[in-house]
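Here the chain labels run A, B, C and D in written order, and each chain numbers its own residues starting at 1.
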Amino acid sequence: MLDKNGIAKRIAQEVQDGFYVNLGIGIPTLVANYVRNDIEVEFQSENGVLGMGPFPFEGEEDADVINAGKQTITTLPGASFFDSALSFSMIRGQHVDLTILGAMEVAQNGDIANWKIPGRMVKGMGGAMDLVASAENIIVAMMHTNKRGDSKLLKQCSLPLTGVGCVKKIVTNLAVLEVSNKGFKLLERAPGVSVEEIINATEGDLLIEGEVLEMKI
Amino acid sequence: MLDKNGIAKRIAQEVQDGFYVNLGIGIPTLVANYVRNDIEVEFQSENGVLGMGPFPFEGEEDADVINAGKQTITTLPGASFFDSALSFSMIRGQHVDLTILGAMEVAQNGDIANWKIPGRMVKGMGGAMDLVASAENIIVAMMHTNKRGDSKLLKQCSLPLTGVGCVKKIVTNLAVLEVSNKGFKLLERAPGVSVEEIINATEGDLLIEGEVLEMKI
Amino acid sequence: MINKKVKNVQEALQGVTNDMTCMFGGFGLSGIPENAIAQLVKLDVNGLTCISNNAGIDDFGLGLLLQKKQIKKMVSSYVGENDAFERQMLSGELDVELIPQGTLAERCRAAQAGFPAIYTPAGYGTEVSEGKETREFDGKMYVLEYAFKADFAFVKAWKGDAAGNLIFKGTARNFNPNMCGAAKITVAEVEELVPLGTLDPNNIHIPGIFVQRIFQGDVYEKRIEQRTVRPKL
Amino acid sequence: MINKKVKNVQEALQGVTNDMTCMFGGFGLSGIPENAIAQLVKLDVNGLTCISNNAGIDDFGLGLLLQKKQIKKMVSSYVGENDAFERQMLSGELDVELIPQGTLAERCRAAQAGFPAIYTPAGYGTEVSEGKETREFDGKMYVLEYAFKADFAFVKAWKGDAAGNLIFKGTARNFNPNMCGAAKITVAEVEELVPLGTLDPNNIHIPGIFVQRIFQGDVYEKRIEQRTVRPKL
């Protein structure tokens, strides 16, 4: 079974040379730590920066240079700042190659819910709805089940949607899955996790073809 | 009767303190020469400059600094350059206060035709259609009649339109007129021009109320 | 040059009254019009509809207006980190309209650029598109979203001049340029008002035509919401 | 940093074939992609649909492509000053679609920003809106205009870096930034390709994400169309 860093590590393998990547808050943020050194990737943050670097050294924080999580950041050579409209032009115009974000629920048709739980305080969707409605390549990073042990991979989302039919791939603590028209296609098992465990933790239809290999991370 | 410079001089009186002004090619360009010195006005050119100054001194021309007429220009302190989309945001968003342009025909309902003569080579509308469709304050600068002596102030335009119901005021070599719902309202006569002459040169309905004063220029 | 410079924040906010719709630049606490917000607190205007990506924190940013219950409605994309906000929203005192961040930016830009409405894919098939017109283009669904109509836009820039030209710094730029000219009156506050002719015409982010009033803010706290650092090696 | 630098104009234009739709930055002869145009002449591709505000003059700019009859259709706002253009248009060899200048800019921007279409007031009630969808918003009429679909965008900037970041100069900026990312492949040529990290991230007009290929042009003639001066006193 993977921990959060493990999920991030596995997703990092999906990041290809020359990709512009938008990382959501939470596990997705960790992905940046595990991207191979021999490929070139640029991170975009929707508040208006392309070419983000690591967090600043203590004492070098700049209130005017933050990411979408409101964290202080640095920029790398070749970085640029821009306004929110141009930032979402990058996203909506599909110039960003890969979006990685968390989710509360994913349905087997690719629907995603990650912004609202009825009856609870709703903080808002931020840029998530623009990202999922626009991106051609969306990977969801999440735990396979919620805190109560209920599956987050469902036949249908029960929570209010963030976007429809948009998720392509899901990486959880248990597995890597792909959205197909016959249900979640099981691509890989997490180290030490059996297909049986994945079946038990998945409420949606699971498509298993041949032997399911253990992921290499 | 006014010459082209006289028309420009009269129109310059319409330019108020604090106005952003877009000048078309031809007579409108001359208006800049006659704006009072004691008011602040900024000239916008739709190819992407605000705060245009006079033409450059010989030898100081810059191919990268031109106006919409493709003439070399200079800029004044406080000027800015911008792209075409932002330039038309200024125009369409009604941030430009006054548009002055030429016309082949103006109709008494405010329609304007200034870009196309069927059967002849058509050069295009450039930014004129955006300007007339957007501006709240449009003054047309033109001769009262064409080269054949036919009136250019008509009941209805005969040429393909540039914009509908948009012209507010017209300054010609003979008169200053306002578009009203009863026809062209005659506001002023050019020096030495009689009301009779204006009536004879105007095909559209002319509204004459009381004494028509001679313009002061 | 048309002079946009006003003496101070008092003059800059003249004409702001109860029940107006106001835009506020900023992302989180970065690039917010600190001086305009402080003056709105002093003016004690209320019933405001605020268009702003976020709602500040309890003791800073728009949170200051929330504390005094000056806000009737928030139009935002993300409103966490604010207790007063949560209480007023749950009690029904505060009306909240949550919209996608890109939609927020573009509805501002539409107002600035004279577009009545835009078609965006964001929110299609979600609560956000309920009751809204939708339409297919090239096999993809879009939602029709209208340009904002606001009375005042309060923006904050790094440098500006008396002509109203603005330059922003880093990610403090965010929504600020998109809100300039998107309201009847745009009030820009700057960290530094520089002499006319100092700013390179090539580097101006927002030409002065989009700004009605400009002043240099007295002080900028520029609070950091999530100070995140790595240790020096 | 993702490297967009290509060796030369030959490499930059790889993949351009007959009958493609290409965008060209520039206003008159100012800010046109001189090197890309020269290479298109050499490549002798034809049947091109060109989206460009103007069509050059007889012996410069897109006029060079017109001379060789490489252009099938022009989409422009103003096409004067060109005899070859006039002859081919009147003889029916050249198809011409004239559209308002602001519409041209915004149809590029729509393609860049992922908007399928826009509503603009320009051209309503004229030939330009014939056969097009129109709609009323707040008592004013608008025309629905679609985002362009282009294969290549050729733009010209002043400075750029290997990441594809661009800075334009003066009014040579014009349509160039709006065309970046508005086609499948955007080719930027620059007067000066500067080392990475040289450009201030705050002053970049177009971030490299909108550019696929960048190269430094061999030579820039930068011809002036209407040299207008005043005498020195």
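As a convention for this text, contacts are C-beta pairs under 8 Å (C-beta built on N, C-alpha and C of every residue); 3 or more make two chains touch, one makes a residue touch a chain.
All values derive from a computational prediction rather than experimental measurement.
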Which is the least count of steps on a path of touching chains running from chain B to chain C? 1
Out of A-D and B-D, which chain pair has the most contact pairs? B-D
Among all chains, whose Cα centre is located farthest from the one for chain C? B
In whole angstrom, how far does the Cα centroid of chain A sit from the Cα centroid of chain D? 36
Whole-Å separation of chain centres (CA-atom averages), chain C against chain D: 33
Whole-angstrom distance, CA centroid of chain B to CA centroid of chain D, is 28
Taking each chain's centre as the mean of its CA atoms, chain A sits from chain B at a distance in Å of 55
Would you please write down the residue numbers of chain C that are in contact with two or more other chains? 109, 114-115, 120-121, 168-170, 201-202
Could you pull out the residues of chain B that touch at least 2 other chains? 49, 81-82, 85, 88, 91-92, 134
Contacting chain pairs, sorted by label, are A-C, A-D, B-C, B-D, C-D
Seen from chain B, its contact residues with chain D in the complex are 45-49, 54-73, 81-85, 87-88, 91-92, 111, 116, 121-130, 133-134, 160-165
What part of chain C is in contact with chain B in the complex they form? 1-3, 109, 111-115, 161-163, 165, 181, 196-197, 201-202, 204, 207-210
Residues of chain D touching chain B in their complex? 27-31, 53, 76-80, 86, 89-90, 98, 100-106, 108-109, 120-128, 158, 168-178, 205, 222-232
Chain A residues within the chain D interface of the complex: 18-20, 40-42, 44, 49-51, 75-82, 85-86, 88-96, 134
Quick check: in the complex, which residue numbers of chain C touch chain D? 114-121, 137-138, 140, 142, 167-170, 201-203
